[in-house]
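Look for subunit A in each of the two complexes below; its partner is subunit B in the first and subunit C in the second.
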Partner chain A sequence: MLKIVNEIKKELNIKKKKEIFNSVKIIPYIFVSPFIIAFLLFYLYPVISTINMSFQEILGPGDVKYIQFKNYINLFNHDFYDALIFNSWYTFWTLAVLIPLPVFLAVLLNSKLTIGKNFFRSSFFIPALTSVVVAGIFFRMFFGGMETTIPNTILKFFKIKPIVWTFKYHTAMMVLVIIATWRWLGVNIVYFLAGLQNISNDLYEAATIDGANFFQKFIYITLPGLKPVIIYVLTISIYAGYAMFAESYILYPNARTPGNIGLTSVLYLYQQGFDHNNLGFASAIGVTLLLIIFIINTIQLRFFGLFKKAGD
Partner chain B sequence: MRIKINSSKILNAIVLIFLLIISIFYVYPILWLFDASLRPLIDIFQVPPALFSGSFEKMFGIYTFNSFINSFLNWGTGIALINSVLVTCSSIILTVFVCSLCSYAFAFMNFPGKKIIFIFILSTMMLPLATMIAPYYRVLQKLGLTNKLIGLIIPYAAYPLGVFLLKQYFIKIPVSLIEAAKIDGAGYFRIWLRIIMPLSKPALAAFAIIQFKEVWNDFLIPMIVLRSGSLFTLPIKLQLMDSQTFNKPYDAIIATGFITAIIPIIFFLIFQRYFIEGLTGGIKG
Partner chain C sequence: MKKLISFITVIVLTLLVLASGTKLYSKTTTLTFWTFQELHKQFMDDAVANWNKRNPNNQIKLETEVYPYDEMHNKLLISLQSGTGAPDLCDIEISKFANYLKGKNPSLIPLNNIINPVKSKLIIGRFDNYAKDGNYYGIDYHVGATVMYYNKEFLDKANVDPDKIITWKDYVEAGKKVVAATGKPMTTIEVSEHWTYYPMLIQAGSDIFDKKGNVILDNKKNTEVLQFLKDMIYKDKIAIAAPGGFHHAEEYWNFMNKGGAASLMMPLWYMGRFVSYMPDLKGKIIVRPLPVWEKGGNRSCGMGGTGTVVTIQSKNKDMAVKLLDFAKLSKDGAIKTWTVLGFDPIRWDVWDAPEMKAVNKFTDYFGKGIFSMLLSIKNEIPGTMITDKYPAAIDLLKKNVCFNVLSAQSQTPEEALKQAANELRKK
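For the complex of A and B:
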């Protein structure tokens, strides 16, 4: 008798377990939980922790002292200022190149008349798959000081003496922007191509009937249609511009930037945090950068009206 | 009429030439790496390049595998290659599992807090990890993940863009399919595995390509996580070779660089037919 009761109990238990696992209330959280746990550990906790650490002087694990705003006061120095200015110009130039050019190329690649679209799309995308280390080493050699490099050969043609491109402020900026253009053009083309798929063909047909030419169609249909994607690309480009690190790190081996040429904020953060073991100060740099990116992006999003829902 | 056809033909030709010039600039570095990796060290920086010397003998006759042999025997490129493959493959499997489960819940289930969690996850896409490497390093240290390959795999599991991309694709799957499966007695997990995943191949492939290039090429996180040379992934190994001040091994650097660059390209070319299709679901205002 007892045996049977136990048996039934067991059966019920299994059923209950199955029900819990399939219950509408619990299951979504089970599905979401692996992501949320990893997310809390590796995204959210570092954000909160970096704010906390930025008020500390960290001499070693467990040897921590709160020093109020000292780290932030120390930020007012020449190196960080140079790095921020460099970052801002770098961001500006990458935006100036990496939005108009890929929009234009995406329109060309989307046209029915263009031949070999797949080939071009792939060849523009290939640099995006290439490691930044490979790109950095290649472009350092390409823009090297030797008389025989391609850029210096061109200079020679105009009777200008060869230069080490990475060791002068403006040419170093140019080299870094060229690397960014080489690596990210294909990605942005993909974004804009995807955006173009979402613009209804009827609009173009109606415009053709009304007698609109290519440029009118571009300005009145294509650009407004691409607006959400343009805003997205703008946002991530600002983010990427201020977070740039590896390109500079590779271009100047062992992070020795000549007279702060090519010194970016994150490179400075890395030097302070890991070479000088000053994790508290590095965190203050990180928080400041996060704030800058947040402020610029908020202003930009307000300005272009993502919150207004217009033009969507 | 005739003039009109001609002018549009000319315009097309101009477009084509314009695209060709840009694409030459875009593939040139990879082609140069390929060519240079097969040349003896003294020929690499020869002027004019041996490739344009005119004689077939000079162009291709002197190709050797010495650079590759040097990089594998003396610089441990082989171990770095194995490490890179190991880290990238495990991380793709893990992150596709984690993100697709999460996206499935967001796409088909209603639960309290859903909207807030989703917006919250998306908003962190704006937080560059690079600015938080100091506390990030301490999290890994506390979890005992520093200087281990697994420390490169687990942190990639939560990838907000992946959740966004997959969710946008999942919501296009007809709900009737899921309802039918439910009536047949399939559980949520079974529906995810048997219906959602097979139907979302393009989105999964696009996600895999993005994740492949992110993890394979990642530089900053391996830099702060790894200490011992035997664990280095290809980009870190390459940087180490490049930072030699004396007798920089240019041939080994170029060979390793070529290997580092070509593998994601091959992976992309295999799956690229899904790429745009998988992405178009994800980018909509």
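For the complex of A and C:
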């Protein structure tokens, strides 16, 4: 008798366990838990910790004191100002190049008339897969100051003296925008290609019947159709522009930016945090940068009407 | 069959006992070592091999990790800051060292008990670079005596005798002759690093900080030295900005290797770069003391360096300190810094040892007699003053002062130095 009771109990237990794993209420949480745990540990905790650290002076292990807003007050210096200005121009130029150009190329790649589409698609995308470190070293040599580099050889042809590209403000900006274009063009093309697939062919057909030409179709159908993708790319590009680090870091070895040319905010954060062991101040830079990007993107999204509800 | 099995068992057991017995007798300590220089790994491996030969009962196994310069310093900083993960021994480059001495209790072990017994034989100025409150925390690989590397071919072409270049004035005059005769610049000047300006101001008897740690970067002497460098490029036209901006750029090595300039001022440790990266200059380069600012002045100065430290996280602190003593402070160790690394040892009492005159890849390249030359300037190698603000100061020299004055010409020497000095004072 007892045996039977026990067996029934056992079966019930197994059933219970099975129920937990089959329950509609619990199972979603189990599925999303890896992400939630990773998010809490590797995103939320560091963010809170950074905000906390930005109010501290950190000298060594166990040698930490709170200094109120001193780190933030110290941000009013010409280095950080230079870095923000450089960042803003860099972001502006990357937006000016990395939205129109990929839209244009995506339209070409989407067209039925283009030959070798797959070849071009993959060759545009390959740079995104290349290590930025390797590419950076290549670009550093390519834009070196020697007479024998390719850009300087071209200048020589026009009887212009060789230029040390990375040592002048405007040429350095140009080099960095070229690296960014080389690296991200393919990725943006992929975004826009995906956007183009979503535009119904019927619209183009109808437009053709109405007698619209290629440019009219582009302006009145393609661009409005791509608007959500453009806003998305704009948002991540603003973030990427202000968070740019690797390109500058590689172009100027060991974060050595002469006369603050090529100094970006994150590079400045890196210099202060690690070169000067000033982790509190570096945290303050990080928090400020977060706020700046947040504000710019909020304004931008409001301007393009993303927060408006459909039908407004 | 049974007999055979028992026989084998007995043998195996005896072997086991013997093996464990020897194990009890000779213990092996595993130490970890981080560095950013492949050459330093070779040096330490060599030292450990010698140690193990001499101490059969007290073996060391050294696990070395070679990381890129920035990555290693960041990793160390984070592991010391977080209290876990640091190695037993680690190399710290001089311009980063102050970062690790911040705060009341540095995370490094004082090394006074191994330094004091041999203090009289050391170039002690090199140890002050790694000291705080009377405690020495690091041991350097070299003195880093700054010297002038002349390209003999160009000097001969211009009829210049390097031994007659006594003062910097003579140097400029000789430079004009070289430029006229060969069309090559006399020298190159760093504009995005500090290895030209900094040694020259130290040699002139000045510094960034005075003995009390006050900022004196904008004093008259420093301004004059910077003006002198600027004049060499733009007025006397005997110097050019180093291609690539500094003397460690790949472009620069290529430029020099092709016979780019007639001379170059760098510390003695730059020899390794000549041997490795400028092979075509072999046999053409001679090493001489620096020209002086005024008669009787210093003919060199100690530049750069890397201090090896023991961290407080080490579980075998005693062994790590002993190994460091053996590898770098012992007489044999000091000699090895020359034979393995081509550095000028921090123990001057080995400079006239017979091993220093033996043929190696450096004497093949530069000729013999390097150390007789060094011995003659032994007392003319001033060190540098290092404070908490040192990393920031070097950064300002690199990024603002040298670049703005010598390359971009956006500031005069006075302006650039004043601005940098004020920024340092504020910190």
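Assume the second predicted complex is superposed on the first by the 308 of 312 C-alpha atoms of A that agree within 3 Å, B and C clash if a C-alpha of one lies under 4 Å from a C-alpha of the other, contacts with A are read in each partner's own complex, and residues count from 1 in each chain.
In this text, a residue touches a chain if its C-beta (ideal position, glycine included) is under 8 Å from a C-beta of that chain, and two chains touch if they have at least 3 such contacts.
These figures come from a predicted structure and were not determined experimentally.
Of the two partner chains, neither subunit B nor subunit C is touched by A:Phe157. In the superposed model, B is the one of subunit B and subunit C that contacts more residues of subunit A.
In the superposition on chain A, A:Leu279 contacts both subunit B and subunit C.
Contact with subunit C, but none with subunit B, is seen for A:Asp63 once the two complexes are overlaid on the shared chain. Shared-chain residue A:Tyr232: touches subunit B; no touch with subunit C. Once chain A of one complex is fitted onto chain A of the other, the partner contacts of A:Phe167 are limited to subunit C, with no touch recorded for subunit B. Once the two complexes are overlaid on the shared chain, A:Gly145 sits against subunit C while remaining clear of subunit B.
With both structures placed on the common chain, the touch criterion links A:Pro46 to subunit B but leaves subunit C unconnected.
When the two structures are aligned on the shared chain, A:Pro258 is found in touch with subunit C, with no touch to subunit B. When both complexes are aligned on chain A by C-alpha atoms, subunit A residues 61, 146, 254, 274, 279 touch subunit B in the first and subunit C in the second.
Against subunit A, the residues of subunit C that register as touching in their complex are 69-70, 73-74, 77, 80-83, 96, 99-100, 102-107, 191-193, 243-245, 250-251, 254-255, 391-392, 395, 398-400, 403-404, 407-408, 410.
Note for the complex: subunit A touches subunit B at residues 21-22, 24-25, 27-29, 31-32, 34-36, 38-39, 41-47, 49-50, 53, 61, 105, 108-109, 113-116, 119-135, 137-139, 142, 146, 148, 182, 185-186, 190-191, 193-195, 197-198, 227-229, 232, 235-236, 239-240, 242-243, 245-246, 249-250, 253-254, 266, 269-270, 273-274, 279, 282-283, 285-287, 289-290, 293-294, 297, 312.
On subunit A, the positions that touch subunit C within their shared complex are 58-63, 141, 144-146, 164, 167, 254-260, 271, 274-277, 279. Listed in rising order, the residues of subunit B touching subunit A in the complex are 8, 12, 15-16, 18-19, 22-23, 25-27, 29-30, 32-33, 45, 47, 97-99, 101-102, 104-106, 109-111, 114, 117, 121, 124-139, 141, 143, 154-155, 157-158, 160, 163, 187-188, 192, 213, 216-217, 219-220, 224, 234-235, 238-239, 242-243, 245, 253, 257, 260-261, 264-265, 268-269, 272, 275-276, 279-280, 282-285.
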